[in-house]
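Here's the structure, in structure tokens; my notes come after.
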Amino acid sequence: MTLKALKQAVWEANLRLVREGLVIETWGNASAVDREKGLVVIKPSGVPYDRMKPDDMVVVRLDTGETVEGRLRPSSDTPTHLVLYRAFAGIGGVVHTHSLYATAWAQACRPIPCYGTTQADYWFGEVPCTRAMKPAEIRTDYEANTGHVIVETYRGLDPLEHPAVLVASHGPFTWGRDVHEAVHNAVVLEFVARLASETLRVNPRVRPVGRPLLEKHFLRKHGPNAYYGQK
Amino acid sequence: MTLKALKQAVWEANLRLVREGLVIETWGNASAVDREKGLVVIKPSGVPYDRMKPDDMVVVRLDTGETVEGRLRPSSDTPTHLVLYRAFAGIGGVVHTHSLYATAWAQACRPIPCYGTTQADYWFGEVPCTRAMKPAEIRTDYEANTGHVIVETYRGLDPLEHPAVLVASHGPFTWGRDVHEAVHNAVVLEFVARLASETLRVNPRVRPVGRPLLEKHFLRKHGPNAYYGQK
Amino acid sequence: MTLKALKQAVWEANLRLVREGLVIETWGNASAVDREKGLVVIKPSGVPYDRMKPDDMVVVRLDTGETVEGRLRPSSDTPTHLVLYRAFAGIGGVVHTHSLYATAWAQACRPIPCYGTTQADYWFGEVPCTRAMKPAEIRTDYEANTGHVIVETYRGLDPLEHPAVLVASHGPFTWGRDVHEAVHNAVVLEFVARLASETLRVNPRVRPVGRPLLEKHFLRKHGPNAYYGQK
Amino acid sequence: MTLKALKQAVWEANLRLVREGLVIETWGNASAVDREKGLVVIKPSGVPYDRMKPDDMVVVRLDTGETVEGRLRPSSDTPTHLVLYRAFAGIGGVVHTHSLYATAWAQACRPIPCYGTTQADYWFGEVPCTRAMKPAEIRTDYEANTGHVIVETYRGLDPLEHPAVLVASHGPFTWGRDVHEAVHNAVVLEFVARLASETLRVNPRVRPVGRPLLEKHFLRKHGPNAYYGQK
């Protein structure tokens, strides 16, 4: 994929976040990585969506974050995206939103337990939530440290088996093999977060699903023997 | 009705589920049965709704599930539909969704009590919820066993007097005399599930309606002496 | 106003209920009275809204309920409307819906307390809720008895100072000086019911507003010294 | 800016409140001040939004409230707006709505605690709530006293660091450097109010964010060293 095509894909991804109701005002950003070139394409900071063009996307170096192409400043969350790309080798796109229900769980500082098959079709268990960040981590290199606290949360977890995280007191980051899948996972996360809230309301003592149902649903869509969809 | 007309009806039913907001992504399926021919028409698995055509509907045998017409794989939930058609003689269409509020009750593992006349107009009492499936039922023939656990839940109940069920930790299945009515019941179920949630929020100790009100409303629409609507 | 114009107004009122999201399927009805002629114009029973024409409205006698004009059967709730017109001299239009939040309060069998100025602008206090109907009232003349239990609830209340009631385990009826105002009050009621639910969620121990704020808001819009709006 | 341009801006602001879903019926108003001329432009009282034209905006004197231009009566809340403009030197526009979630917190008589970075990006802490008004304040000069109780609430607070207030048992007022920003803050407030409600539902014991996160987010957007957006 050319850099031009990647800019187009990132631009479309950012606009789809608005269309899907996940982003109001300028509160969100999507990016994609080209690992061969060592470059990341990301939304500019604080620019209204309806004026943004594909060429406004900013290209930065994966290793240093230095801007390589683009007249605008990259999203203020760029350092978080870069840390995720460096740590999670299998991901090609990252999305950050303040979508209502996912952000409510993030503000509640609670992982989303897997209460049913809708979530099990996408997450191999819960949607993790980071620990609270420490004052020193907030004061200096805040955005990079946001990435580090996410990576710390994934010790022992496969990022593609839990393709979304809640940053405590902040909001969700999602990812996927490309930026299109990262947006898709942001849409699913918002539904799953709302569904978990509504479930708790009906039965505050509900328990997460057991291992057999979790394995059945995650693996029929994602495992080597997956049988959902067309071959 | 010709098989071609039935494909058209099933295709329309699947699209209406999206329009009514009951299905996002590819999370739902509708089917219809032709009992004379012994055939079931069902949505293909994992195909985006906006690309789906009437001719993409898959025709399978009611007795064996074998594909008779269609280039695509049928919905992975096909075995559940077949078990329902075999067990419930009066039904002509089946719908499965992950609609938000009905799925929340399913995840809460709770039947929806009949809190008022809106539900009593369609269900002769509660919306039943299945028991949890056992690990062995999940590991082998999961989709067929989902049908069997629904049928087990209806021992002593008339499926057309309770035209929807919640599969615990999963989501709703609805049905009707044809696929159009099955979709209609999915729309009503979602409203009734949300209404029950909002009712509980206002009064957590609310009790189901008594027998006289239940009989009055269900029977004025569905009994032999029904007087709702036009003759 | 001619009978033809009244049919047009009632038809428009019924369609507006759908547009405002207060009615799904065929679950609602609006009517208007012509007190000089002693006639009531009301929606036909169970007819889909998108096929309904002004001429499908049914004209019945206010005193006996006998159909005077129209090929279709009047709404099954007609006897309730007639009882209200006979008992409440000042009203010209009646609306019945199963709108989500108002119906939730009705199912919760709770009047809606006046928690703020939004409600006080329209109701001079709470939105009343009827007592539960008795089995004998349900079994015989159910719809007329629904009207009688509403009238009983208004002993000592001015219907135009509380232009909506919740029928326990059923749903809301609203009214106004004409059918347009009855629809307007149905829209406001739904908002007020939702607002009360959301208020309770934030503060379950919230108390109704005091008399001074209630009088200020109701009377600045409705009293002889009203100063809201244009002269 | 000419008075004609200010009328246009105020008219647009009022219409945007409807489009954003913050105002139903005629329940809201936006105004702007021209401090050099000592004039305030405000919406007329109780006029339907779809018939309102820029020239219907009413011009009143900032000092006395006397109408200077316009055939219609100004919003009944005009005295509240005037008190705010006189007390808060830095503001150029004021908005009042009965938007659902913000009004629910106002009716609950609770300030909105800062549960996360979404709120910290706009409010340097909580969204304040006024004390209840006293009977004498309600009976005489109610609308002006509504302004005074807001001003009392801001003793020791910078209005632009907390650009919205909840009037207890009533609803929100927001403001900004101009009327466009006041509308923007009304949109953000409604989101933040809903987000706080959803957060409480997931974790009723959630605590407000600590000082470091609050400072980081508010100041990266609003402080002298702000680095969000384009330079």
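By written order: A, B, C and D. Residues from 1 in each chain.
Keep in mind that, in the parts below, a contact is a pair of C-beta atoms (placed from the backbone, for glycine too) under 8 Å apart; a residue touches a chain by one contact, two chains touch by 3 or more.
This structure is a prediction, so every number in the text was calculated from the model and none was measured.
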Could you give the fewest steps needed to travel from subunit B to subunit C through chains in contact? 1
What rotation angle, rounded to the nearest 5 degrees, superposes the C-alpha atoms of subunit C onto those of its identical copy subunit D? 90
Given that subunit A and subunit D are copies and touch, would you call their interface same or different according to whether over half of its residue numbers are shared? different
So, comparing C-alpha centroids, which chain is the farthest one from subunit D? B
Could you state the distance in Å from the CA-based centre of subunit A to that of subunit D? 33
Counting in whole Å, what is the centre-to-centre distance of subunit B and subunit D, each centre being its mean C-alpha position? 47
Quick check on subunit B: which residues sit in contact with 2+ other chains? 201
Return all touching chain pairs. A-B, A-D, B-C, C-D
Enumerate the contact residues on subunit C facing subunit B in the complex. 24-27, 44-47, 72-73, 76, 98, 100-101, 103-110, 133, 135, 138-139, 142, 169-171, 197, 200-201
Please output the residues of subunit A touching subunit B within their complex, sorted ascending. 115-118, 121, 184, 187-188, 191, 194-196, 198-199, 201-203, 206, 209-210, 212-213, 216, 220, 227-231
